[in-house]
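Below, each structure is written out as structure tokens.
You will see subunit A twice below: alongside subunit B first, and alongside subunit C after that.
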Partner chain A sequence: MNERERTNDGSNPGGADPSLPVGGGNLNQLRQRAQAFYAAADAAIDNVMSGDSTKFNESARQQGGE
Partner chain B sequence: MGVETEYAFVAFHRDGSVAEARPVMTQIERLAEKRLPHLRARAQRGIFLGNGSRFYRDFSNGDAHQEMTTPECPNPWDAVRYIVANELILLGLTGELLREDARLREALYFKHNVDYSGTHTSWGTHESYLTRTPIPALPEHLLPHLASRIIFTGAGGFNALTSGIEFMLSPRVAHLTQSISVGTEHDRPLFNTRDEPLAGEGFRRLHVICGESLSSHTSMWLRSATTALVVALTDGGLKPGKKVTLVEPVDAMQSFTRDPFCRARVPLLRGGMISAIEIQRHYLQLAEAHLHADFMPPWAPQVCQHWRAILDRLAQGAPESVATTLDWAIKYSLFTDRAARRGLNWEEAQRGGGAQYEKLRQELFEIDVRFGQLGERGIFAGLDRAGVLQHQFPGVDNFPHAMANPPNLGRARIRGEVIKKYSGREPKHYCDWDGVWDASGSRWLDLSRPFATTEEWKTAPTPAAAPEDTGAELLFDRRLSRVESLYEQGLFEDASQEIRNVESRLALMPAFQRIRLARMKAWVQARRGHLDGVEILNHISDTQNLNTGQVTDYLLVLRFAGLAPRAEMEAHIQSVLNGRTDRDLADLPVGFREHWGAYLLAQGRLNEAETILETAVNARGDESRVLNRCRATLANAKRLLGKTDEARALLEEARAHQRENRYLGDLTDFTNANLAKLFSPTDPSAAIILLSETKLTQSRAHNRLGLIRTLLLEARLAASSTAAPHGNDAILALAPEVPALATCKLFQKILARWESWSRDRSVLENGDVFWGL
Partner chain C sequence: MKNIFSNVSDPAARAAAKQKPRAERLAKLCGADVELGNFITGAAAVGGTGALASRLLLREIHGFPTGARRDGGVTYDDQDWGRKYLKENGGCIYIDLDHLELAQPETLSAFDHVACAQAMLRLARRAQTAANVQSTDGKIIEVLANNSDGQGNSYGSHLNFLITRRAWDELFFSRMHTLLFLASYQASSIVFTGQGKVGSENRAPAVAYQISQRADFFETLSSIETTQRRPIVNSRNEALCGGFRRVVRRKIPALEMARLHVIFYDHTLCPVASLLKVGVMQIVLAMIEAGRVNPELILDHPLAAVQQWSHDPALDACAELIGGQQLTAVELQLRFFAEASAFVADGGCEGFVPRAKEILELWGDTLQKLSRKDFPALTSRVDWILKASLLDRARHQHPDWTWESPELKRLDLMYGSLRNGLYWACERQGVIEPVVSDERIEHFTQQPPEDTRAWTRAMLLRHAQPEEIERVDWDEISFRVRDRDGWPMREQVWLPDPLASGRAENENLFQRAPGLAGVIETLNESSQDLWPATSATATSTAVAIYSNGKEKPI
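Take a look at the complex of A and B:
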């Protein structure tokens, strides 16, 4: 196996479209997308937040030691 | 290529209190061993899984993080696929844990990259890339790429080293202090020069440690794909970094990370200024010019297509243009929106000030942590489920298959198949990245060739190794856990014996375990009343540059190896406190604050001690050994301040937890002693009974120093009552076996004035362990 082959796994993993901009469309469509994003963000945040962020951030502390 | 991801972990009890992380992580590891096909790692920590990955715990920095490392992946699609598959494995394990352990309500893994509680801790993701180029020749060509790629690989978050709200495309950048270094935990560099190939045939492994844990598949894919191409260009001899060499790569990264508009320009060594997008375009154009060269992977054209697209989008108007695709930009939208809802525009929020500001700051930190919470309740997962993100990447799929099976190429495929074949079977086998070993010592599977295609077992080149030796880490891990358990139970003599047993095999012990052993030896020696604790710690520490955890070890030794805290504690405490603000002080570890409070108490500075200890007790809700000792010490301060009800509540709480968890050393030596002092004025018989029980436990445990303390306390309490004065025969009989007492001034004073000390009722306690002197 040569250098070139070494990174080819034989499959065709990415018959992919490029990461094209998603910002196309008219102003109304853009506004609707933004509204949908923030509505989903609200729901996701409300669903998981602790209600006491200071306490939560303390709880999530990552350190040890006797 | 491969990716190792460190996960933050928190577990909550059903009552909402925080569970001590380490035992829960151990439970998860045991479950992984029970449920998943695996082989134990041979010379490293953890286990290798049937999909070719490694699951283990990184013990740097005390508590440690669990990590999942993907198998060696032949392309960036697989790299992302195995990261996601391994996270699904972790979720399966935590789900099973919660079904098994009724005490737990939640066990959560997070993908944020910095700690927001003030510990200045950072963790993240390390990447590995196969290369033919000698490691020292790589930085020149990689540094500009690593510094500028954060415009699409940044996790987004906040500078955790300031008291403000400072958004960063890549929050770990605040923790990078130099361009090039071999270190990974302290003085973290942008480019890590570790030369540990884990392979033969002249291959080397580039180890990138400045990356972050991500959620967006596009961000993850671009991170691996573009970096692999830059390495390929370097391997091809094209010197891709030459025209974009930066004057100060770390400074440049500091500029890029603070600019969500991606317009910041930084100086080039050859003169002129350049933006992150322009640096990336330079690399991209070079890759596009050599798409079909032998040294380029076959998927290079697809990488360049996506690479160009994301750079175009960033140039089009970041952050909005990538606000549903890249981690940092998605978070930026969430953060700015949240500030607006709190009545602050983003500029005002970053300027700070006032209670409203601090509340917002904490809320934003929690959003960052919760964003990458594994499982359906994570914010990123919620957004993805709602269909408002454009992060998924065509071809990154088939996760269930990747949870159980290795990639279909190279040594990872062979490793995964062998693991599945020999998991749970005799003779045992042990695994590493570059081989699999039959524990009987008769044969081994050579996986040093990264592109091996067949399973070729060889006769072992050395005499058969005993299973204990091949599983050295596992063996020592169990022995060290036993030492710790004995220490917790107050069986200090047994712990000392066990340490001696382990030390007889020290040559076989991995270095990180030797440090753990030495720390525990110092603790045990102090509690036995021996004076060599400081010397032991000096051997494993850079004494001119101690971190807070190391200082805490010294405080323990200086406090416990005698009757009262030693004066040398002062300098150690000040070394940590110097230059810290009040806010920083509140973020110090519980262990440090407990020793600090005890020292203040011994100085008679009761109000200061109460304040420090109170913040420590309220800092976190788990039921660790240290927290309960902290409760007992705070209770002593409260008692001396006349707050007896509060003192009693604290002591009863500590006692309950210590009995439940069998933290009998601290229960007898501190909690019971303080409770007896509390009982003494109003209920002396209860105090006497309590001390009798305590003596019995200490005597059975051969806890001589603890027993001497209890006998002294008993004598002193008798002086305050109508009981007959105590003699000191028992103390004198025990003292020769406690060397620290020979140099303990307090002890010598007590003995010299025994008659008056044990009879005089008029002397008052001033906060010292044994008052009146």
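Take a look at the complex of A and C:
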């Protein structure tokens, strides 16, 4: 297959800031949405990050399935 | 490049094909069998703790039959065992290769499919909670709704669709451009069905973050395999409906039905992504069954395209169609969307795909947002974008974390943890866009879908005493009951047509007939009228059990 990469314009979802008014919409609504997202993200991340992550990841080893 | 299907893409030929609808079509009934990641934190074992974790979880599931081998369920083989069918919703839970596997009841509507999928996860979470309560040493069973452990091991979240036997034969044997059409649709659909994953696996090129959990594991276009050299389009011919059934001295006529077993997709948690994953497949399969296949949308190399697209979360990578055109995944999806829109507008989904217009509208809106790269608007809809945003937030809070940091991989794994996953935290905060109500999800933890054979299966399990249920499968239940003279009898109820044994067809029967024996007798009587003219409901056979324990067909 002949595939090519288009010029990357810098967009990437990992770098997307939910507070930015991309695609139009009410700015206050977007800010509220971003704040709700950040609140959820921070709480969730803090909640799962106690202990040794390397050890946790190793313990997650699965047998291939299906 | 010359279009090898130029005769098919000729407008006049396509118009003629449109005027001659193909012989038969079936409503796009759907199901799913989903493996979960399961392990025990704080415990170590060679090869992992999945075997123990899955057994402790299955022990907390209450289903039928109860008296079979190894933890109390029907055993298919050494890999797939302990099946427990649920009288609550007609689905089943079992163990497959040391994963707890959830097989949800058959549904007709993609919306009900989404609700049932969430309901099954709730049942798994309740089993997890019950198992963890018994832990006395601080070890916890962790259950993950994902498809990869990040260490090269993948497990599936499979979809199943009812298609005609004719469409099956055409897909795999006689009109294989339909298979390429389907594979091209699936490959590009990861832009809304991916769960997202940190890193790559299975000897794929290194990448920081990719769209699909499964993309690195596809190595061939089509095959029956599921555990090695996985295909984009799986050809396992196991209908679990229709087909010839030899029933003592009699053959049940073949129903022209087949099951397409789709092993391609990630475990989606966002309801919109889940709805589109199932609902758009229903539409695409309805198009294939109706002969509305535009070969101009076929990728030159679907396998290469799926990995290329998955490894490019910026959505810029292009893949080549057989006509030579280069398209991004979203651009190809927009082409499929245009074809599907015309099909739906022509009435092609009426009677075959419930609420197709709503699915189409949501698909189009999601694609438009993807084409604008409006990622913030899609954090509520698409798992890989939500996960990427969460990981980005974590990196913002912890600037020393890189994509190689174990902390990010742990967050990746914990996205779908049933206990305290990142996804569920977002859902609790109202960040996730719903497509079904919480009440509807809870309903399906206790009740079966009413418009498929899952309803009759659940009702039969409720009417029987546990010891009377001998064997349960998707299209068959065997009971041991006593006849009027007190002799033990084996009675079998067949449910070969998944569309024909819903509440509307059989509720009166359950209300009218006295007890299980009466229900079975009435089902069998009604099936005598139906076979073979419409092949619509069930049939049965009986086996007399002599006092010496040997069986004799009657």
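The definition used in the following text is that the second predicted complex is superposed on the first by the 35 of 66 C-alpha atoms of A that agree within 3 Å, B and C clash if a C-alpha of one lies under 4 Å from a C-alpha of the other, contacts with A are read in each partner's own complex, and residues count from 1 in each chain.
Just so it is clear, contacts are C-beta pairs under 8 Å (C-beta built on N, C-alpha and C of every residue); 3 or more make two chains touch, one makes a residue touch a chain.
Every value quoted in this text rests on a predicted model; they were computed, and no experiment measured them.
By the touch criterion defined above, A:57 reaches both subunit B and subunit C.
Contact with neither subunit B nor subunit C is seen for A:27 once the two complexes are overlaid on the shared chain.
Overlap of the subunit B and subunit C contact sets on subunit A: residues 1-9, 11, 13-20, 22-23, 33, 36-41, 43-45, 47-49, 53-54, 56-57, 59-66.
Residues of subunit A touching subunit B in their complex: 1-11, 13-23, 33, 36-41, 43-45, 47-50, 53-54, 56-66. The residues of subunit A lying in touch with subunit C in their complex are 1-9, 11-20, 22-23, 25, 30, 33-34, 36-45, 47-49, 53-54, 56-57, 59-66.
Residue ranges of subunit B in contact with subunit A, taken from their complex: 8, 10, 12, 18, 22, 61-65, 74-75, 77-78, 110, 115-117, 119, 121, 123, 130, 132, 218, 222, 228, 235, 294-299, 302, 305-306, 308-310, 312-313, 316-317, 320-321, 323-325, 333-334, 337-338, 359, 362-363, 365-367, 369-370, 373, 377-379, 381-383, 386-388, 390, 393-396, 407-410, 450-451, 453, 519, 523, 548-549, 552-553, 556, 589, 591-592, 619-621, 626. Residues 35, 37-44, 47-51, 96-99, 142, 144, 149-151, 153-156, 158, 209, 226-227, 230, 263, 299-301, 304-305, 308, 312-320, 326, 328, 369, 372-379, 384-385, 388-394, 397, 405-407, 409-411, 413-414, 417, 420-422, 425-426, 428-431 of subunit C are the ones that touch subunit A when the two sit in their complex.
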